[in-house]
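Note sheet for the following structure.
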Amino acid sequence: MPSREAEPRLAGLEIAGRRLASRLLLGTGGFQSFELLAAAIGASGTAVVTVALRRIDPAGRGSLIGVLDAAGVDVLPNTAGCHTARDAVLTARLAREAFATDWIKLEVIGDERTLLPDAVELLAAAEELVDDGFVVLPYTNDDPILARRLEDVGCAAVMPLGSPIGSGMGICNPYNITLICDRAGVPVILDAGIGTASDAALAIELGCDGVLCASAISRARDPAAMARAVALGVEAGELARAAGRIERRSHAVASTPEKGRPVL
Amino acid sequence: MPSREAEPRLAGLEIAGRRLASRLLLGTGGFQSFELLAAAIGASGTAVVTVALRRIDPAGRGSLIGVLDAAGVDVLPNTAGCHTARDAVLTARLAREAFATDWIKLEVIGDERTLLPDAVELLAAAEELVDDGFVVLPYTNDDPILARRLEDVGCAAVMPLGSPIGSGMGICNPYNITLICDRAGVPVILDAGIGTASDAALAIELGCDGVLCASAISRARDPAAMARAVALGVEAGELARAAGRIERRSHAVASTPEKGRPVL
Amino acid sequence: MPSREAEPRLAGLEIAGRRLASRLLLGTGGFQSFELLAAAIGASGTAVVTVALRRIDPAGRGSLIGVLDAAGVDVLPNTAGCHTARDAVLTARLAREAFATDWIKLEVIGDERTLLPDAVELLAAAEELVDDGFVVLPYTNDDPILARRLEDVGCAAVMPLGSPIGSGMGICNPYNITLICDRAGVPVILDAGIGTASDAALAIELGCDGVLCASAISRARDPAAMARAVALGVEAGELARAAGRIERRSHAVASTPEKGRPVL
Amino acid sequence: MPSREAEPRLAGLEIAGRRLASRLLLGTGGFQSFELLAAAIGASGTAVVTVALRRIDPAGRGSLIGVLDAAGVDVLPNTAGCHTARDAVLTARLAREAFATDWIKLEVIGDERTLLPDAVELLAAAEELVDDGFVVLPYTNDDPILARRLEDVGCAAVMPLGSPIGSGMGICNPYNITLICDRAGVPVILDAGIGTASDAALAIELGCDGVLCASAISRARDPAAMARAVALGVEAGELARAAGRIERRSHAVASTPEKGRPVL
Amino acid sequence: MIVLNGSPRDGTPSLGVLLDELGLGSDARGVAVAVDGEVVPRSEWDRWALVDGARVEVVDAIQGG
Amino acid sequence: MIVLNGSPRDGTPSLGVLLDELGLGSDARGVAVAVDGEVVPRSEWDRWALVDGARVEVVDAIQGG
Amino acid sequence: MIVLNGSPRDGTPSLGVLLDELGLGSDARGVAVAVDGEVVPRSEWDRWALVDGARVEVVDAIQGG
Amino acid sequence: MIVLNGSPRDGTPSLGVLLDELGLGSDARGVAVAVDGEVVPRSEWDRWALVDGARVEVVDAIQGG
């Protein structure tokens, strides 16, 4: 078996010059306890987890940051819930203060029901944040043109959805994801829609450089086991893509030769 | 993460009372050299590989058996190329003599072009071989009724196809595979059609107990890497199924709570 | 527009030398009243409807036959509910007496839950009924090999399912249906699984010669409207197939030339 | 059968207060001759066809307008080939002068290879053209948020793609099309990707109010036959949607009652 | 005693008498008869004798399939 | 000199003269004209003056999408 | 009066005092502050004055997607 | 004459002799023999007689499926 060391592209994901130890990014939303979160982080092998900002609870601050520190992962703040470029930009700036990072997972959604991104606001926010020095990772839809425009304004990666957040429907339009990957000059991270390990493997096989997964793991019956499953799926997909799969054929190809068959 | 020891079902596949160390079975057809075959066996972690019987080449016998011995895997002979129950039964008996095993991967095909199994001849052959003391693993189509009848006549497992042999189309009808798995009292091994790692993961997630893979590995650009990829896919699928995936929903479910969003 | 007269293949379906005025066959099960049934027959334009046989209700015989006579359609009795070749053969003989027809829609199911056909019993029954002079139209699964064997024993048509009876899932495995159509020497009638008009159109486009539809029509909110919809779908599919569709391409092809675009 | 008169929604498509006699719009690109174009228009029953503007050929002007006049159809000019809002707005104004119509099919594409729309430029152009008094029908991607924003700025309809122009891949993401239809307050016209009649039927069944079809018809082997096929597909889909289809079920539902089966 | 459509019934009438009672003449459309697993041709309904314990199935057309 | 549909052309005729040469009257259907990026209303074709170097685009209806 | 996270609150303390009351020093991790739609850099928390009616948002890290 | 794997061959050797010629002892792994459609158990290779015209199939393990 070819050693993974021999294949630099298998060595992990690089975003904005920073090498991540894993192609799997983990969303922290939805875990029922810090223990389950910590276990899932460990099982996933992830190096980066997302967090959000909400009004402080004066009654008692959680120890989320402590948990993440103990797990040794970096924090990627998001702008979840923002509907306008203005909101998202301000939220990103708050996040920079809160976490001392200029990385931001940019979310600008179009409505509460679908949580789908708003292309126009998203692009405007991305441009402003890039100008302001942020490393912008935008959650986007599966439109190849928008993905390229996000790259053109300087985003460090693009994060197209497979299907709506939390839906678990997997990748509704693999064709579009392939188009995005084929033309991207920055890493493509499949974000949203993953339901299970095979979805993650498929994302990588289609050409994605990474996968961000939240609900599929945090809301699984056994989050840590699913974290490990998705991590293995990512790894499987990565090896499979590098291995050069057979082409799909609409006819059979014998795996045992006909020649020499005895006449009995 | 729950230890795999704690979950007996993760400990491997058991057929006819024999525990296999891996849920992945490897077909040996299509490898360009014994070296590539040996490397793929190693990378796959498989415990069982298929072989076929053809008229002996007097000019020089290969060392296939030696390679498989060295790899420490068991041999599962097949009846590839047989079109009738009679042919398949005789071939199985030859195989029993050749390999000193009563395990047989039973193939009775309907035509050369599709290599699809012939339901009637397959069932007749299975019944006769079971009566003759064989441990019968039939390559079958994705018909749930035929799968159950094969089980009813005493087959030790059923091996439905995902799509035609060597086609790499994956699982054309996941619904039927699910039906087969839901109702099977013997192990279900997805045989034929696997093209890449995510297909293997999906097979296990749908409920299959194992996967048999030949062309997807042997004809990949890098067979050993693909062997490892498919093995990881199987493992990923296994963990994911045990972890209890989220349900598919046709609407979004926020992974970040709306409550407490600041007004900026 | 090419006249339909100019295209003999558009003139209808021919089975066992009998030309049917419509490619749509209608199942009579599930209609809530004879009035709805009569309206659906009219709206569908069908020439053949299926009926079943059950123990007579001494309290009062229905006027089903009268309704069908008034509608001017031929009766195709079925063997619904039979699990064995013996049962099905006897039921077919009862039907011959009851309806003075040697046409039989042969159903031999494997279980009550899936209502999927049992390949072995089906083929045995088909062979016996053909020998007994019946015009046999077997309800079969989507296995191309079984379809060919049914043809080989003398069936006048083959009726593969798209998905289970009454499920409305459409055509789960279009690949198999295409294989069946490509190789059939007798008419192929898609039976079971149709949910709506586009499913019927697709069946014909894939190469089927006809469609049999029951639940999709009889259990629709407005059965007569759905009957007309499915009939139009069949006609649309027929014309489309004859018209020679464009190939699927994975890239765009401009429908407006780029040449001559003004510079504004 | 319910009369179509009794169902106002079956009476056709209304855009910006103008009732169209057919839900099918025809693109004129790709026809090999005016004769084929005229035949397809007739066979399609369409009331509206698209045209484009290109630098005049001094050697000899065609009689396209004459053909369309003779066919009695209205002209819907497009802005095909435009990459920026500015270009598209200017082209729309040229079209208004050329055809004395304020209707415009707005296309602003992101690149030549995919011909996919550019969300940001499209929305900007739409807003400007609406302000300028145009009746704007934008060719858009399948993003539900963009569709709503186009409606919000005053577009008279939205025209999402099923798949790239001329690809014939049908509807790649039915889920998104359903989302768009469920929430639209203006007519939704499926534009681009249709390959055959069943695709058109499906579009309407998903909830679309109309279908625009060019290459599938103009590049079919027999364009007029395909025009008629697609028109029937649209009509079939319309009736089927109104008829209230059965739900999809993952299990069988007998169409013949079990009760009263004789014991033979 | 005979068994008609699964229900025991006293007496052992001829098939013709039994069908008469059910109001079924030999021109009854959509109807067929089996006795002890054998189909009785319509033309023989009148003269077909039933033995004691005969299982008679009389079936009629219903909506189906 | 003007540029007509991308091709340089000697002289600086009025737009009306230019269109006459192309055989296009103000009733020409499917035709439109832009000069230097501005659409010229059909009603003003006759009296529209062209300056030296003007870029004139004259477009016609073609089959399209 | 100021508005802290949407709730009116008597008095107009300095931001530093307000954060002290919340137990937040300038080394509080995962916390950020905006006043009237402007983010206040952590280094200026101590010396930032609040005007009457100021809208203060103090946010904390939570689990999220 | 016998037919070995489809090819006619002069003489009628015993099976043991024939296999010896092919270099196959009874411990040859992956090999099996059928004569006239009947599988010959390995233990009987040595003593199995061939009749004139016998169809002998000798098969070996190959890569497959």
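All chains are identified by letter, namely A, B, C, D, E, F, G and H, in their written order; residue positions are counted from 1 within each chain.
Everything below uses one rule, namely that contacts are C-beta pairs under 8 Å (C-beta built on N, C-alpha and C of every residue); 3 or more make two chains touch, one makes a residue touch a chain.
What you see is a predicted model; the values in this text were computed from it and never measured.
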Task: Comparison of B-H and D-E by number of C-beta pairs in contact, larger one - done: B-H
TODO: Compute the centre of every chain as the mean of its C-alpha atoms, then state which one is farthest from the centre of chain B.
DONE: F
Task: Intercentroid distance (Cα basis), chain H paired with chain E, Å - done: 64
Task: Chain centre separation in whole Å, for chain E relative to chain B (CA means) - done: 53
- [ ] For chain B and chain G, let me know how many angstrom lie between their CA-based centres, rounded off.
- [x] 61
- [ ] Pull out every residue in chain D that's touching 2 or more other chains.
- [x] 27, 29-30, 52-55, 57, 78, 80, 90, 94, 114, 116, 165, 169, 175, 214, 250, 255-257, 260, 262, 264
Open item on the list: Could you pull out the residues of chain E that touch at least 2 other chains?
Closed with: 5-6, 34, 37, 57, 59, 62-65
Task: Residue ranges of chain D in contact with chain A within the complex - done: 110-111, 114, 116-120, 123, 141-146, 148-149, 163, 169, 172-173, 175-176, 179
Task: Touch list for chain A against partner chain G, complex - done: 27-31, 37, 50-58, 61-62, 64-65, 75, 77-78, 80, 90, 93-99, 107, 165, 214-215
- [ ] Give every residue of chain A touching chain B within the complex, in rising order.
- [x] 1-2, 27, 29-30, 39, 42-43, 52-55, 57, 78, 80-81, 86-87, 90-91, 94, 112-116, 164-169, 195-202, 205, 214-216, 218-230, 232-233, 235-240, 242-262, 264
TODO: Write out the stretch or stretches of chain G touching chain B in their complex.
DONE: 5-6, 34, 37, 55, 57, 59, 62-65
Open item on the list: Under the stated contact criterion, what part of chain E meets chain C in this complex?
Closed with: 5-6, 22-24, 29-34, 37, 39-42, 57-65
